[in-house]
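These are the structures in question, set out in turn.
In the two complexes below, chain A is the common chain; its partner is chain B in one and chain C in the other.
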Partner chain A sequence: MSDRHILSLGCLGLVLLFVASLFIGAGDLSFRTIANGEMDGEALRLLLVSRLPRTVAAMLAGASLAVAGLLMQMLSSNRFVEPSTIGTTEAAGLGMVVVTLLAPGALIFVKALVAAGFAIAGTAVFLILIRRLRLKSGLLVPLVGLVLAGIIQAAAHFVAYRADLLQSLGAWSSGDFSMVLQGRYELLWIGAMLGSVALIAADRFTLAGLGRDVSVNLGLAYERVVALGLVIVSAIAAVTVATIGSIPFVGLVVPNLVTMTMGDNGRRIVPFVALWGAILVLGCDVLGRLLRYPYEIPVSVIMGVAGSALFLMLLARRRTAHG
Partner chain B sequence: MADVAASQRRGELGTARPLILLALLALSCCAIFLTIGAQGNWSFVLPIRAPKLVAMILVGHAIAFSTVVFQTLSGNRILTPSIMGVDALYGLIQTLTVFFAGMLFAANSNSMTLFLVQTMAMIGFALALYGTLLGRGARDLYKLLLIGVIVGVLFRSLSGFLQRLIDPNAFVVLQDRLYASFNTVETELLTVAAILIGLVTLAFWRLLPQLDVLALGRDTATSLGVDPVALMRLSLGLIAVLVSVSTALVGPVTFFGLLVASLAVSLVGSRRHAETLLAASLIAVICLVGGQTLLERLLHFDTALGIVIEFVGGLVFLAIVLKRGIR
Partner chain C sequence: MIEASALTKLYGDSRVVDRVSLTLDQPGVTAIIGPNGAGKSTLLSMIARLLPIDKGRAFIDGLDVTRTKGSELARRIAVLKQENGLLARLTVRDLIGFGRFPHSRGRLTAADRAKVDEAISFLDLTPLSDRFLDELSGGQRQRAFVAMVLAQDTPAILLDEPLNNLDIRHAVAMMRLVRKAADDLGKIIVVVLHDINFASCYADRIIAMQEGRIVVDGPAAAVVTEETVEAVFGLPVMVREIEGQRTCLFRR
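Let's turn to the complex of A and B:
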C-alpha cells in the first residue's frame, strides 16, 4: 500500500471515531434524533458545548503529543523517550503548582506559559544529563529520564503537599477529557500549531537526530534546531497538562510503531504520527466512556495500561544491539 | 575491585568500628524519637509512639535486607526490588483481591488472613516473574532494568484501572491499605509483621555464607558447590515476604532501598553480607527514625517523609549512574 492509501484509510478511521465520539456518553443524544431532524435546543447544546469540543480536544492532544514524542526521540537520538518519561510533563506540572501558589487568579494562558517555562528547564536538564553519560547505552537514556521525572514529580508533590494543592496536582498529572467544555480546551490549538511547525522543519530535526557531529558537518545550525525542538516539545507538554492533564506513552508508542513500518524520514512520517496519535487518544477516550457506562474511566488510566504493555512489547522486539 | 582492596586494608577490626558507630547513632535516633517533647504521663506517650517506632524499624530492616540480597542475586548494585516493580506487584495483588472478592472482604475484613493470603500470592508471582527475569543472568543489564521499571508502571496502571472499576465502598477499604503511612500503622498487623520479618531474617542469616559465595559470580559459585538457581529461588521467595510486609505496613517507597544499600556499601566496603546487611539495616533505621523526627518535630511536616526519600533517593540514583555508569 502506498502512503496515500494508508493515509486515507487512517483518515476514514478517524472520521468514524469522530462520529462515534459525538454520540457516546452519559448524556442523552442519539444519532436517530439528528437524522430525523428532531433535534431540540438541549441536544444541540450538548453536542456543541460538550461532545464536539471534547472530541476535538482528544484529537488535538493525541496528534500533538505523538509529534512531541517523535521530536524528542530525534533530539535525543533515542527511540525510548517521550515527554512524560523524561521529566518534561512532570516539570510542567510543577510549574502549574508553583504558578497556582503564587498567582491563583492568573489566566489559564499565563499559567500554561509558566508551565512551559518549567517544562523547557526540565527538558534542558535531561538533555544535559544524557550528554554527560559516559556509557552511551541506548537503554540508559530512558532510564535516566524516568528517574529525573520521578525526582521532579517528588518535588511537585512536596510543594503541592505544603500548599494543599495535591488534588489539583492529581488533576494535572492524570489526563481526563470529561471536564472539557467549549471555552476550556482552545489552548490545545496552540499545541497543534506548534506540531505543524514540526512538520515544516521536519527535515532539520531528522538531520539533528543523526547526532551533533554529523549534522554540523552537513551544515545544520545544530544548537538552534535543538533549541527550537526543545521549545516545541515543552510547549505541547505544557498546554496539554494545563488543559486536560498528562497522558502517558502516546509520544512513545505511536512514533515507534510508525517508524517501525515507514522508516525515519521525518517529513514523510510526521503526518502519519499525528494521525495515529489522534486515533489512539480519541479511541482510548471513547473506550473509557464505554467500559463502565454511564461512568467514565480517564484516558490517562487506559493509556497507562495500553502504553506500558506496548512499551514492553517494543522492548522485547528490540534486538540486543544498539537501537 | 576497589571494594576488595579496601576490605583487605581495613581487615576484621576496621569494619567493626563503623558498625558500632551506626548502632549507637540508630539507638540515639530511637531514643530521641521516643522522648523528644514528651511531657507528663508516659503511659500516654508510649502507646502512641512505640508502635510507630517499631513499624519504622521493621520496615527499614525489611527494605535494607531485601535490597542488599536482591542486588547480590542480580549481581549488580543498582537493581533494587522496588525499582524493579516488586512493590507495585504487591499493590496490584491487593487491588485484585478487593476487585474479585469485593465487599466480602470489606464487610468482615480480617486483615490478618487477607494479609497472609496476599503474601502467599506475592511469593508465587514474584518467583514466576523475577525468577525468569533474573534467571537469564544480567547479560543486558539496561534492558533488564528498563523492563523492570516499565513492568512497575504497568502494574501501577493496572491497579489504577481496576480501582476505577471497583465498587466505591470496597475502594475505601483498599485505599486505606494502599496509602498506609507511618502515622496509621495497624497494631494488629505489626505483630504478624514482626514475626514474619524475624523468621526471614533468621533464614537469611543461615544463607549468609552461600550469598557471600554467590557474590563472587555465578560460575565461581557453581564450582564452589553452591547451586545459584536454587539459592536464587529461595532468596526471591524470602524477598517477596519482606517486600509484602513493608508495603503492607507503609506503602511503596521506590528509592529508599537503593539509598540505604549504596550508603552501606560505601561505608562498610565489605564483600561479606553479614556486615553489609547489618550496616544497611542500621542506616535504614537512622534514615527513617531520624528523618521522621526531624520532619515531624523540628520542621512540622507531617507525612512528607516518603516524598523527601523519593527526592533524595532519585538524586543518588542519578549520581551513581552519571559517575560510574553501571557496574
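Let's turn to the complex of A and C:
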C-alpha cells in the first residue's frame, strides 16, 4: 500500500470516529433524531456546544501531542522521550499552579502563556542536562527525564498543597474531555497550528535528529532549530494542560509506531503522526464514554492502559527487529 | 584550502590542542596519526567548527570558520565524525539527499538528484539505496555517511577515524574509496587514522601529533620510519618495505 492509500484510509477512519463521537454520550442525541428531521433546539445546542467541541478538541489534542512527541524525540535524538516523561508537561502544570495562585482571575490564554513559559524552562533544563552529561545510552536519557519530571511534579504538588489547589492540579495532570465546551477548548487550535510548523520545517527537524555534528556539518543552524522545536513542544504541552489536562503515551506510542514502519524522514511522516494521534485520542475518548455508559472514564485513564500496552509491544518489536 | 594558525583548545589547564598551525592546499590524502589523546579529533572538530576555538584561527578558502555562516562553510568543507545518526531510520537515498542540504535547503533539484546518484554509485550503494540505515551493517552504514559527505560536493573533506568498527576488508575498501575520491575527484581529504600502515599505504602526507602538537609533518615515506614512529608512539617498531608497501610492525 502506498503512503497515499494509507493516508486516505486513516482519514476515513477518523471521519467515522468523528461521526460516532458526535452521537455517543449521556445526553440524548442519536443519529436517528437527525435523520428523521426531529432535531429540536435542545439537541442542536448539545451538538454544537458540547459534542462537536469535544470531538474537535480530542482530534486537535491527539494530533498535536503526537507531533510534539515526535519533535521531542528528534531534538533529543532518542526514541523513548515525550513531553510528559521529561518534565515539559509537569512544568506546565507547575506554571498553572503558580499563575492561579498569583493571578486567580487571569484569562485562560494568559494562564496557558505562563504555563508555556514554565514548560520551556523545564524542557530546556532537560536538554541541557542530557547534553552536559553526554548521555550516549538510549535508556539513560528517558531515565534522566523521568527523574526531572518527578522533581518538578513534586514541586507542583508542594505549592498546590500549600495553596489548596490540589484539586485543580489533579485536573491539569489527568486529561479529560468531559468538561470541554464551546469557548473552553479553542486554545488547542494554537497547539495544532504550531504543530503544523513541524511539517514546514520537517527537513530541519529530521536533520537535528541525526545529531549536532551532522547538522552543523550540513550548515543547519542547529541551536536555532532546537530552540524552535523547544518552543513548539512546550506550547503544545501548555495548551493541552490548560484546556483538558495531560494525556500520557500519545507522544511516545504514535511516533514510535510510525517511525518503525515508515522511517524518520519528517517530511514523509509528520502527517501520519498527526493523523494517528488524532485517531488514537479520539478513539480512546469514545471508548471511555462507552465502557461504563452512561458514565465516563477519563481519556487519560484509557490512554494510560492502552498506551502502556502498546508501548510494551513496540519495545519488544523494536528489540527483535534492530538488536 | 584549509589553513589553521596557532589553533588551541583548552580543557581546564591542559592544552588538548596546542598552537597548531597547518596549511592544506593540494588535492590528495593527508593522514593525521598519533597516540590516544594527542588531540587529533579535537583539531579536526575545531577546523570544521564543530567545537569552539579557544585560541588561534582557522580558515576555509580564506573564510574565518568562526565568523562565516554555517551554510556558506557547508559548501566548502564536509566533516564526518565517528558517531553519527543517532536517530537515523532514514533510507540510504534520503540520507545522501541530505548531503545536498547546503545547496538545496531541502528542495532537491534535478542537479541535486544527479549528485546523489553519483555518490550512490561511487560507493557501490545502488542495491542498498532504498534500505533503512538501521538495517545495514556497520560498514555499509559508514559507507552511506561517506556518500552523504561526498554528495555535499565540497572541495575539502575531513574524516574522523572512518575505519573505526570496520573489519580489515571493509577498512581497506574504505581507504581505496578515500584514495579514489582524492585522485578522481581532486578532493583535499584529511583522515584521522589509528593504524600507521593504512596511513603509510594510502596517504600522500602524514601529520603526526603528540600531546596536542604537530611533531612531524611530511610525505608518507619520510614519516614512516623507525625513529619517527618510536618517537611519536613511544614504542619500538620495525619498518620494512614489503612488496613495495612500507609497513610498520610492533616488536614483541
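To be clear about the criterion, the second predicted complex is superposed on the first by the 316 of 323 C-alpha atoms of A that agree within 3 Å, B and C clash if a C-alpha of one lies under 4 Å from a C-alpha of the other, contacts with A are read in each partner's own complex, and residues count from 1 in each chain.
Criterion: a residue touches a chain if its C-beta (ideal position, glycine included) is under 8 Å from a C-beta of that chain, and two chains touch if they have at least 3 such contacts.
Model, not experiment: these values are computed from the prediction.
> Figure out whether A:Val19 sits in contact with chain B (first) or chain C (second), or with both, or with neither.
In the superposition, A:Val19 touches no partner, neither chain B nor chain C.
> With the two complexes superposed on chain A, say which partner A:Arg79 touches: chain B (first), chain C (second), both, or neither.
In the superposed model, A:Arg79 contacts chain C only, not chain B.
> A:Met313 in the overlay: touching chain B, chain C, both, or neither? Say first, second, both or neither.
It touches nothing on chain B or chain C.
> Would you sort A:Leu210 into first (chain B), second (chain C), both or neither based on which partner it touches?
In the superposed model, A:Leu210 contacts chain C only, not chain B.
> Identify the partner contact of A:Leu181: answer first if only chain B is touched, second if only chain C is, both if each is, neither if none is.
So A:Leu181 meets neither chain B nor chain C here.
> Going by the contact rule set out at the top, does A:Leu48 touch chain B (first), chain C (second), both, or neither?
Neither partner.
> In this superposed model, does chain C or chain B come into contact with more residues of chain A?
B
> A:Ile200 in the overlay: touching chain B, chain C, both, or neither? Say first, second, both or neither.
Neither partner.
> Between chain B (first) and chain C (second), which does A:Leu148 come into contact with in this model arrangement: first, second, both, or neither?
First partner only, chain B.
> Mind listing the chain A positions that touch chain B in their complex?
Interface residues on the chain A side: 80, 129, 132-135, 137-140, 142-144, 146-148, 150-151, 154-155, 157-158, 161-162, 248, 291-292, 297-298, 301-302, 304-305, 307-309, 311-312, 315, 318, 320.
> Under the definition above, what is the set of chain C residues touching chain A in their complex?
Per the touch definition, chain C meets chain A at residues 48-50, 69-75, 78-81, 83-91, 94, 98-99, 101-102, 105-106, 132, 134-135, 149, 152.
> Flag every residue of chain B that touches chain A in the complex, lowest number first.
139-140, 142-143, 145-147, 149-151, 153-154, 156-158, 160-161, 164-165, 254-255, 301, 304, 307-308, 310-311, 314-315, 317-318, 321-322, 325-326
> Please output the residues of chain A touching chain C within their complex, sorted ascending.
It is residues 73-74, 77-79, 136, 203-204, 206-207, 209-214, 216-221, 259-260, 263-265, 267, 322 of chain A that touch chain C.
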